[in-house]
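What follows is a pair of complexes built around chain A, which joins chain B in one and chain C in the other.
And now, the complex of A and B:
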């Protein structure tokens, strides 16, 4: 039985794509013709990746005790071994997202059954999106007031802002690849809005096999 | 027909290889790609392009600079097209707006005969009479309007976007281009915008037949266009200035919010008309417009011109006219003497008469009234008064006017620039600019070509220095040799029609009369006369109005001051303002399940919630009724994932809850839940929910749907303030919640879990963490709708699977999904109130009957102190339940209907519905305490004034003993009234 469902699941169902179960979640892995889109402006759903959140004054020490290298500054991120991300969302709040090849989130969730004082686990059920392609900046300029081109990607910035009126966390992984997370209940709206504009810019939905 | 088209002009904008066919007022015309509508019509000899707003006088080209509001046109569904700047398109079907019977024979022009009855301040005077108000309103509405709206016009979702730069240069004229280059050369990321189709500004048309100037302009433009750090946006208007250098940029296709680190206003100046009788005739044209016609569109403005001048620009215009085949029959110079320039000498050598110290007294119309037949000129005295005894009439078919400029300083004003009036220049110039804002060129009082280059360079360097680039600023600007503007280019005429404001047909005498009536302050004068309130926003009239008022009041223009400039200073298409907007909405993880069940959705805050589930052949009310009955008799299921859901952990978690909620929680047993009421500092009820204790230092709690965001923000603030040892996590979006309610709810659930669901093991108001078919869930035994039920909380991504399982398990019990409306009815039967519906911004727990949820003996909670004070005062209202007679027929009361007692308002209804299980209407209402006795009658006034009687009834209406939560009771109970 399929158990997990992405917040963007309904938006993808009408596409004539190929699906695969990833981390217990049906995921759109390819769409005919998405190879043409991916270089220009693609949008893909990565909600299937496992993730874990933690906050509190003791979060840094606890994460370090779990053998994780923690970003030393607020609003920055670091890659996890075997892919994945650890993002410092504020002074004491963290988002950990696995790649397909890592399992930190699950391990931390288990470890969190008994946590020390001042460590508060945060259930993460985000709508997780990736944007790719050379027209990303055009899309961002229509949807978000942050000047992303002024950011230094080498400093691994994490941006907490509003996009089309929704609170989002954005990480520019590469100049042509941006990750976006939002509250899953806003996922459908964010997806539809971004996709509408992306399509105007010659982009569209791509399967995750194009990106991972 | 291109009777006025000139031979090829170097740099012309038109493409003669691409002719364009179009119609204007039913007549076919031809133009070229690159033409504007006005230039193509003028080239074809069509001089009447529109009618004036009030008197419907014929009007033609005036500025050709986006300010000719008397030549607004309509093409199909497109309204208010500015003919002077809108590019001509193939197949356009154009007509002038605001005419009755067409632009050539506008019947409304008869209004001019009644002009003595349309004095200044006409609107105020007309609407002063209440009796005549409707008459004037109808008449004016019928007479006015700009174009005919086609309501089937599609909504254009004009894109909006953000953009960023180090330096935004507004205006791509000589100084703007120079400034952009200087800053970009030092490393700045520069954006330069210009409303014109091409950059270069006056460097391309105010030539005075100087090829060197054209060459320099092209070199400058080429350097800008090829600079890697400069983005040049033409046909883009900087329409306003907002705080922190946020500039809205408008082009045809989008609306850009530009955030610039620095701004240079190189916005230039608006050429100003002279005021004389019939100065609005087609053929009376500003010199810059004449030069644009020639050099941009290769159109001869007229054949025989009288040129009214008062500055060097005017003489340059004369040269350009002569060079391009126009016969200049006279130059009329308002000044007693002008510089003996080379230009003047050239004119004299060509036998062109120069009348120094003369004015144009009036323009005379040709027999067709579509142009000029003559200019009447006469000397003026030192005060600018015409000496009419020395009039001369000079035959001509056009009058070119070059008497002065008004700075395009709107954006500078909006930025907070302090301006001063420079008497020598006769112009307002920046005195103190805000940090990061710079000005250059004409708006800065610099008019000569070479000086504009230098001034732009200076501004660019200053902006670069502000940005932190290494910049050496040693620039000297030479002062203007002569004033570019005349202080009084206004000529009185006993017959009037000497227009100051072309938008509103305001004549010189209107200002005198307004001042005489007491409106002698510039802001009052503006509102009374409506000067500057038309579509061009006073770009051609404000300066003249200001000068007139200064003369009337004996002040200087600087002392009179300017009116306030607000964004947008130029009209913005509604398609841009009403373009793509973002209205976020939230959907629960079960949204698609509701869609499949034919839910009718409603907005609850930002949430899309099922109001009810439509059934074929049944009305909304019937569907809601059936859903409610299903819950009462079988089992229902509702998505309550919109509730605010929070977790709090830590040694001080209980203490925190004790402080923010009015109840007592520190001694709650693990595995139990308790109702929680939240107050503000004034003791007003602001939210409620359930608190579940999951561990000694671990609580889970809910809030209302609408309160979640604000409550989390407030709790976070309080947690920071109090520094308690606890942390709050907002799980509203991460967790979903489903309420399973009804006598078979336990049977349904027992099919899916091994948990002991007996009332002994899992009693009413208990909470358990368990699994349903391997899905981790938290179960709360609560009864908001008054039935045995479970609120099941689950991770959002597992909610659809859980919903499916519950529906499948409930199939044999006729499980029925129910929506918000059925839930509202069910809770009303149970007498449970909804915060925000049955309370308002002043309701205390005492008034709402919620004292039981308030533990005043606690040491502290928010609102406690206020409640202690309020408890000593008599309460003004109390929440009661009421029922209508079971046999009631007719229109039932609605929420917000008033309770009436002795012709006085004694309360209001907050909730009302027909209860199928009680078979009558029930409701909640606030009434005065003295009227709240059980079994008393209250009178409810309906919207139509009808009074309906109701009986005050104790609540809950349904199951007052809460027997539905007991294991062995399934019989329905009803209150006996």
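And now, the complex of A and C:
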């Protein structure tokens, strides 16, 4: 398996936590005391999950030919079997992210070695973050212009917006669990800024074992 | 906060957008005189009024057309290229 390093790796290394390789990426799985933080406001790095991107006018038909159920509206998402998500970013672009128990992204990456016309694979080397806890809205109000409380989570919205000046994709999975993706090169800045605000709000870093 | 409505992503602060220039039809450079081509490349009509402009929603890289009054900075309508207004 290819060795992967999280865009947030350097920011996490200084923490006195437990690490484990997940999908070929060293991942912070627990930190002493993170059980006290997780209910209030936790931030965790999920960059180790495998993901795949595809875009183009033929992307919907191609994904359906790969036995995937595609969201039918722009900026919505659907859960994948065995966990994971498929998100429709705008009209013709898709982000597929596996859970720990699925392998759609790897299968699609292999299948896209030979794709029909108007189907274009997109390299996804995102910094992937999850926010959890009851104080999420307090953090979002300080970092983003979108009013997330006005959204209906039952409609599975996908939000493409700016957060502290960085282009991000945000999915509110649950009222107390938000997923955030951004280009990996902005990952350390976004992580550090969100973490600083989270700490001011009484939160902090949590290991992924608390969340998955 | 000044808002603009992206046809795909909805109402967002203007800081999430950038301007891509006035919507103009490009003459075929192989079919027109140098004067007509140079006029297209170098000249702009900056008279204030209602203009159709290219705008882009930065986080999603969604390009669309905005009909805007450049005198009052009022955004009248936004739509995707190819959509019937």
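Criterion: the second predicted complex is superposed on the first by the 210 of 212 C-alpha atoms of A that agree within 3 Å, B and C clash if a C-alpha of one lies under 4 Å from a C-alpha of the other, contacts with A are read in each partner's own complex, and residues count from 1 in each chain.
One rule holds for everything that comes next: a contact is a pair of C-beta atoms (placed from the backbone, for glycine too) under 8 Å apart; a residue touches a chain by one contact, two chains touch by 3 or more.
Just so we're clear, the structure is a prediction, and the values are computed from it rather than from any experiment.
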Touched partner set for A:99, first chain B, second chain C, both or neither = neither
Go through the superposed model and pick first if A:168 touches only chain B, second if only chain C, both, or neither.
-> second
Partner touching more residues of chain A, chain B vs chain C, is chain B
In the overlay, answer first, second, both or neither for which of chain B and chain C A:30 touches.
-> neither
Who does A:74 touch here: chain B (first), chain C (second), both, or neither?
-> second
With the two structures laid over each other on chain A, which partner does A:66 touch: chain B (first), chain C (second), both, or neither?
-> neither
Contacts of A:89 with chain B and chain C, given as first, second, both or neither = second
Which partner does A:145 reach: the first (chain B), the second (chain C), both, or neither?
-> both
The intersection of the chain A residues contacting chain B with those contacting chain C is 145
Across the complex, what residues on chain C touch chain A?
-> 1, 8-9, 12-13, 15-16, 57-60, 62
For the chain A and chain C complex, residues of the former touching the latter = 74-75, 89-91, 145-146, 159-162, 167-169
Complex interface listing, chain A residues touching chain B | 1-7, 9-10, 25, 47, 55-56, 117-118, 120-125, 138, 141-145, 147, 149-150, 164-166, 183-190, 193, 197, 200
Chain B residues within the chain A interface of the complex = 159-164, 257, 259, 580, 582-589, 591-592, 607, 641, 647, 649-651, 725, 727-729, 731-735, 773-775, 795-801
